[in-house]
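Below is a structure I'd like to ask you about.
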Amino acid sequence: MFTVAELAARVGGEVHGDAHLALKGAATLDAAGPDQLAFFGDPRYRKAFEATAAGAVLVPRSLGGVPGRTVVAVDVPQVAFARLLPLFHPEQRPPAGIREGAFVDPSASVDATATVFPGAYVAAGASVGPRSVLHPGAFVGEGAQVGADSTLHPNVVIRERCLVGDRVILHAGVVIGADGFGFAFDPSVPAHVKIPQVGIARVEDDVEIGANSCVDRATTGETVVGRGTKIDNLVQLAHNVRVGPLSILCAQAGVSGSTELGAGVLLAGQVGVVGHIRVGDRARIGAQSGVAHDVEEGATLSGTPAVPHREWLRNAAAMGQLATLVKEVRALRRRVTELEESRDGDG
Amino acid sequence: MFTVAELAARVGGEVHGDAHLALKGAATLDAAGPDQLAFFGDPRYRKAFEATAAGAVLVPRSLGGVPGRTVVAVDVPQVAFARLLPLFHPEQRPPAGIREGAFVDPSASVDATATVFPGAYVAAGASVGPRSVLHPGAFVGEGAQVGADSTLHPNVVIRERCLVGDRVILHAGVVIGADGFGFAFDPSVPAHVKIPQVGIARVEDDVEIGANSCVDRATTGETVVGRGTKIDNLVQLAHNVRVGPLSILCAQAGVSGSTELGAGVLLAGQVGVVGHIRVGDRARIGAQSGVAHDVEEGATLSGTPAVPHREWLRNAAAMGQLATLVKEVRALRRRVTELEESRDGDG
Amino acid sequence: MFTVAELAARVGGEVHGDAHLALKGAATLDAAGPDQLAFFGDPRYRKAFEATAAGAVLVPRSLGGVPGRTVVAVDVPQVAFARLLPLFHPEQRPPAGIREGAFVDPSASVDATATVFPGAYVAAGASVGPRSVLHPGAFVGEGAQVGADSTLHPNVVIRERCLVGDRVILHAGVVIGADGFGFAFDPSVPAHVKIPQVGIARVEDDVEIGANSCVDRATTGETVVGRGTKIDNLVQLAHNVRVGPLSILCAQAGVSGSTELGAGVLLAGQVGVVGHIRVGDRARIGAQSGVAHDVEEGATLSGTPAVPHREWLRNAAAMGQLATLVKEVRALRRRVTELEESRDGDG
């Protein structure tokens, strides 16, 4: 139980209404009851805000007080909500230690405050930092390093020599550092000859990667996922890709080899990006788009091949008229021919 | 070995021909031999039916007897085939019990008739119902529940508190209940602040989910896969998605957050559906389509953005003429200009 | 350390320049230093070749000697590079043997020279050939066979009775032989009745499959990945698919049931191929394309639905003019109507 005043203090908010009200949970505007906290950030949800049964609501400072309601005015309601929600759902860190049934090579270094569950595996020369947790089936390869406060959910695989920073969350089934997809075709055999992938993958601090996503190791050098970037499930990052900090890559997106995404880039779901290009900072790519060329900073693209979003909308609308257009052009051609004949007849 | 009469009895079929014939297997019309059962349901396979060497064939009741052939007339031949095929390939349930090398928390409840293989893990407070099988590397998190007669293939992960019903089949590498992809951007840091995903994922009875597919847990509340729905490999269901009963989601399809699919919906391969929409009962979405708006019950859509399938076919055909069309419009413009000049010259 | 002469001898190359120079590594033209080997195969990288600090460079025979440079003339520089790179990064095979914590059924057959890591599982009647390596969490099901010199990275799953050849590399999380996606709808329940998938999946020699990719088992018969084919991450091959030898399937591509890909086929990233068709030898399908019909040998297709690549390029360009085109046709219609009126007025 937290009073509205206590909650407001934690996020630098200003209370309008009953500061002493005790809350015991948090939920959306629709679902929250009188002992719960909700948030109202997007003006589109005004009706839900007006109708909510929530005991208190986080609102933008611009809104200020609301008669008959207890509100907490903050800079960004959703951010404040995200920071307060864990209070009501405290995560229990598992007790530290290497559990029986975990496999830790004698030459590996596992911090005394880390947890290694049964069925997890830490190979020779690998290291796991303070308070990190390796769930069952997690694998840390030879010489790989995991920083502090990171979580490897069940069956995460980090291949040899790869680097994972602090406060990283890798969801179940993530594979870091599988071999990049590189072959040279030898027509004399014939065979696709494997190009050894001797580089690594590096995942910087505060990154989160969704279930069953893959970040391949570099041919030489590094594949990099930049600080604070968040990646959804089933995403593919090929060898030598570099993703800048604070980017967002939605589910099932794929980025081909050696492409560089800038800072704060957004790839929506199922986007594909070809290899060897650069997507500029803060570029936003619409769902299912196919990006085949460099993208400028701040651009918003959609479609395959991707074009500026407004243009794509226009084309998509025009597309709906395409069949009609074909008919119309055919009709026009007849009419023009007729006009020409009539003129020539006149002539 | 089963006689045709025995087989017919099990599916309520009517034998025309040799009811005493003993069969020892089942195969397709093309592949079946004289001691095998086949089925003929789709009229397109009539030639294969006429040419088959199968000892007996399941046929629709409307067809009735066929001179010189042993047939079993049933309501739906393919269904009857599906029900009879297991007779020839009896699945051996592994012996019940918790094998040495399995990890079961003392506070977990595993039914005495369930099987837990070495390397599987059942966490504190979790429960596994009668006759369910956890293959090596399967993980059932804290307080998660698995019903009766369900199968978790190797390396399936069910995160804490998630619910899996009866007769559910989860193929290798499936992840149920990974955190939904939810962040609030705090420009003052800057950082994407994680929104705790405190809900669960619930998989109802008779669901089957393909290898390496992901069903994320809800932000709050539940992500739901409805009774009898079948999901193929590498499919992504985001937080708070609800899939109605008896739907079919083909490989690599993805559904974004809070979207609701009705009953009996079909998503073909690689379809993407945006968040916060509703796809009506029995809607059918063509392969690779991108659905950005609510879909009516029973609609058949294709394309990105998805439009009625007939329209998409027309557009796709017109698309092939687009380059020609551009040229033609250019030619028409010249001819019209000429006509105008000639008229004005006349004037 | 290897001399240029030693390296040249291993790939049948001809040295121009300092054959005694000792090299201790290999890198790209950009990154290589004076004690490293690089390669120059693609004329587009001529500037990088001219500027490189590499001690020696593999070049095409047609180039021959280059004044002031040490070069090794070979048939295909990239192939020679791929063959030489491992010399500088020798892979250490782990010591043979079944490690403590590995689970091997007494009736399984594991060659004495194979390595089975802790947490790997070999089921009853399965076999693992000489020098193959099963990393932690790898699973070989009942009666499945793995040949010689193959590598199963962590958490690879090979289901019962499936066959994996020699020198096969399966990356982390690969699933071979999950049930194909086959159901018969029984309206009388209603239910999707599972069609037992009693066939297998067979992976031929020298295949490599990327992380978290899936190859389903056949309904009856075999799903086949042909000799020397290379498959990237998160790829889906459905039941009864047959992929010919030496094909290349890029990340997130998907092939539906019973489709046959010929020899040397290339599917770029995120391609989808419908079921029951044939894609001819050496066909090349562009990224994100959707293939709905048979493809001729050697064809190059793009788009959804896929059309010849040149046509797709023309259409994509025309697409950009579509909105303009609609306006123009509207204008033309007005002008033609005016001309008609003016003619009729004249008449």
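Going in written order, the chains are labelled A, B and C, and every chain counts its residues from 1.
Going forward, contacts are C-beta pairs under 8 Å (C-beta built on N, C-alpha and C of every residue); 3 or more make two chains touch, one makes a residue touch a chain.
Keep in mind it's a predicted model, so treat the numbers as computed, not measured.
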Inter-copy rotation, chain A to chain C, in degrees (Cα atoms; steps of 5): 120
Same-residue or different-residue interface between chain A and chain B, half as cut-off: different
Inter-chain centre distance, chain A versus chain B - centres from mean C-alpha coordinates, in Å: 25
For chain B, residues contacting two or more additional chains: 119, 137, 155, 173, 212, 234, 252, 270, 288, 319, 322, 325, 329, 332, 336, 339, 343
Contacting residues of chain C [partner chain B, same complex]: 103, 119, 121, 137, 139, 155, 157, 159, 173, 175, 178-179, 181, 183-188, 190-196, 198, 212, 214, 216, 220-221, 234, 236, 238, 252, 254, 256, 270, 272, 274, 288, 290, 292, 304-305, 307, 311, 314-315, 317-319, 321-322, 325, 328-329, 332, 335-336, 339, 342-343
Contacting residues of chain C [partner chain A, same complex]: 27-28, 31, 75-76, 78-79, 81-83, 85-86, 88-89, 101, 117-119, 135-137, 153-155, 169, 171-173, 206, 208, 210-212, 228, 230, 232-234, 246, 248, 250-252, 269-270, 287-288, 316, 319-320, 322-323, 325-326, 329, 332-333, 336, 339-340, 343
